[in-house]
Amino acid sequence: MDTIIPFGIPLWAELAAVALGALQGALFAGALTGRRIDVLGAVLVGIGVALGGSLLRDVLLGEPPVVIYGPWYVLVAAVSALAGLSLQRLFARLDPVILPLDALVIGLFGAIGTSKALALGVPPVPAVFVGAAAAVGGSVLRDVTLNLPVALLHVGSLYAVAAAGGAALLVALVALGVPVLGAAVAAVVVTTVVRLLAVRYGWQFPDQQALVVRRRPR
Amino acid sequence: MDTIIPFGIPLWAELAAVALGALQGALFAGALTGRRIDVLGAVLVGIGVALGGSLLRDVLLGEPPVVIYGPWYVLVAAVSALAGLSLQRLFARLDPVILPLDALVIGLFGAIGTSKALALGVPPVPAVFVGAAAAVGGSVLRDVTLNLPVALLHVGSLYAVAAAGGAALLVALVALGVPVLGAAVAAVVVTTVVRLLAVRYGWQFPDQQALVVRRRPR
Amino acid sequence: MDTIIPFGIPLWAELAAVALGALQGALFAGALTGRRIDVLGAVLVGIGVALGGSLLRDVLLGEPPVVIYGPWYVLVAAVSALAGLSLQRLFARLDPVILPLDALVIGLFGAIGTSKALALGVPPVPAVFVGAAAAVGGSVLRDVTLNLPVALLHVGSLYAVAAAGGAALLVALVALGVPVLGAAVAAVVVTTVVRLLAVRYGWQFPDQQALVVRRRPR
């Protein structure tokens, strides 16, 4: 698998994803009105959501973080977070637009992370893990730094399921000989659609209690 | 110290340790019944407990994480976590077996981490730190992601004391010229025994308040 | 910018900063008297505060952590944390001395982090981010492991503002051709003074709610 080229997306599309992550992170922090988070704090949460997934991906892969060595990521995240804070009312009205875009962003980050892992020679199963981590890392970082329960561990998100499903599909298609670009497109579509349908129809993954096999004495 | 070879254990033994960590992590998350953690969430906690110590060790050492570049770690952790969730009642009865195995796992991860640090040229004191971090990293990651107080900081664990003691012994023995394999075996025994005796006899490290030197005006 | 030499400070000064960080971390943990944190736990918090910023800096830069490969950092941090715990009453009286020293430490860690990032070819904006993260990383690690709200996200700290301001000044001066040593000294002075004046006069950064642009229907 040494010749796999990571699924690259144009820089402008990656920066759009970063901007959207920062926007959402800042709006999330901004909605915590009882917490007295200051302006810089909310901007930092936005930057964390925007860059956390990429950072986690590169730390897991032992690679220099591209969001630090690239000139635009931190700047775009900071400006977008600040804009999100300033225009909270405006963006609140745009929710029907932002949700699909966010689902797309999860898919994109997951596909980039999975294909980068494969390109570095990471075996299939851990490559899925890295891809899923890249997709959800920003959300985890947000919850940990805000001292909140990590949302994706709990019933009701399907965030992680959608991300892991897309990453697994990408790895499976590449193993079957599909070119990485095609596999990545399929993965992005699956992650985005699963996430949107889950929100639309209230799909949930079962509470872990449902798995308990009741064993009665015979 | 440049010629120290890390204390390697057979892959099957390392994977057994990973499986046990994942099992315990999933059972721990599974016992939090009021939290509505979903199946994937509990599996992720299990993977975190199983791989967190190794990840932390390799990040501290600036090395590519072996649990990502090796093909089996994530898979074994995920399967074991899922089995743990499905068979919670069975494993609850196995507690008397699992506790000693867990103590052994802390010892093994600590010895692997300490000897890897020494092999990379890390000086003695930080090598103890890396070894102890490798032993307890999974437990810390579990508590942080579950938004719980980090257990090992608090009175009653001896988890960290046992890990640090074993790591310190390994470093001291290697400095005295003992081959790394022998030093590692001694370290594993010490960590395991200290941990088991602490649980058996309720040993505790003192509350930090006990250290306060009362200074009266003279 | 490939020829920028990191702003190096003498090892003794860096270790003094580490010692002060560990002292403060241990005193902070020691003041949480209702939490039953044990001696080793408080020492670990001290080590985390002392080394967390440097660790975060090197992880963000993808470099081997110097606090692990250098022989003295962990040892100095551990001894200082233990001393802080033992002499809590003494140090409580030294508060007027410790506050200015701590402000100086934030400034030093920020300047070291920013100049190291520039020396590795990190572009200006992410270099400011790395420098600010190096300055405040210990404080964030402390709050996350103690399961407390991350102080610097909230109104009233100016900790992060002072750190980011100093880092931004350093980058700007270097871009204008000022030698890195001079720029670093200016950055340290600015961070230290801003932090001290903020504490003295109760300066605060606004609550993020203040930024909300009220939009009425026209």
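Read from first to last, the chains carry the letters A, B and C; within each, the first residue is number 1.
Heads up, the rule we're going with is that a contact is a pair of C-beta atoms (placed from the backbone, for glycine too) under 8 Å apart; a residue touches a chain by one contact, two chains touch by 3 or more.
Bear in mind that the values here come from a model prediction, so they are computed numbers and not experimental data.
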- If you list every residue number at the chain A and chain B contact, are more than half found on both copies (same) or fewer than half (different)? different
- On C-alpha atoms only, rotate chain B onto chain C and read off the angle in steps of 5 degrees. 120
- Take the average of all CA coordinates in chain A, do the same for chain B, and state the distance between these two points in whole angstrom. 29
- At least two other chains touched by the same residue of chain A: list those residues. 59, 144, 147
- Contact residues on chain A for chain C in the complex? 26, 29-30, 33, 35-42, 44-45, 47, 55, 58-59, 63-65, 67-71, 73-75, 78, 82, 85-90, 144-147
- Query: For chain A, which residues are in contact with chain B within the complex?
  - Reply: 59-62, 117, 121-126, 128-130, 140, 143-144, 147-150, 152-157, 160-161, 164, 204-215
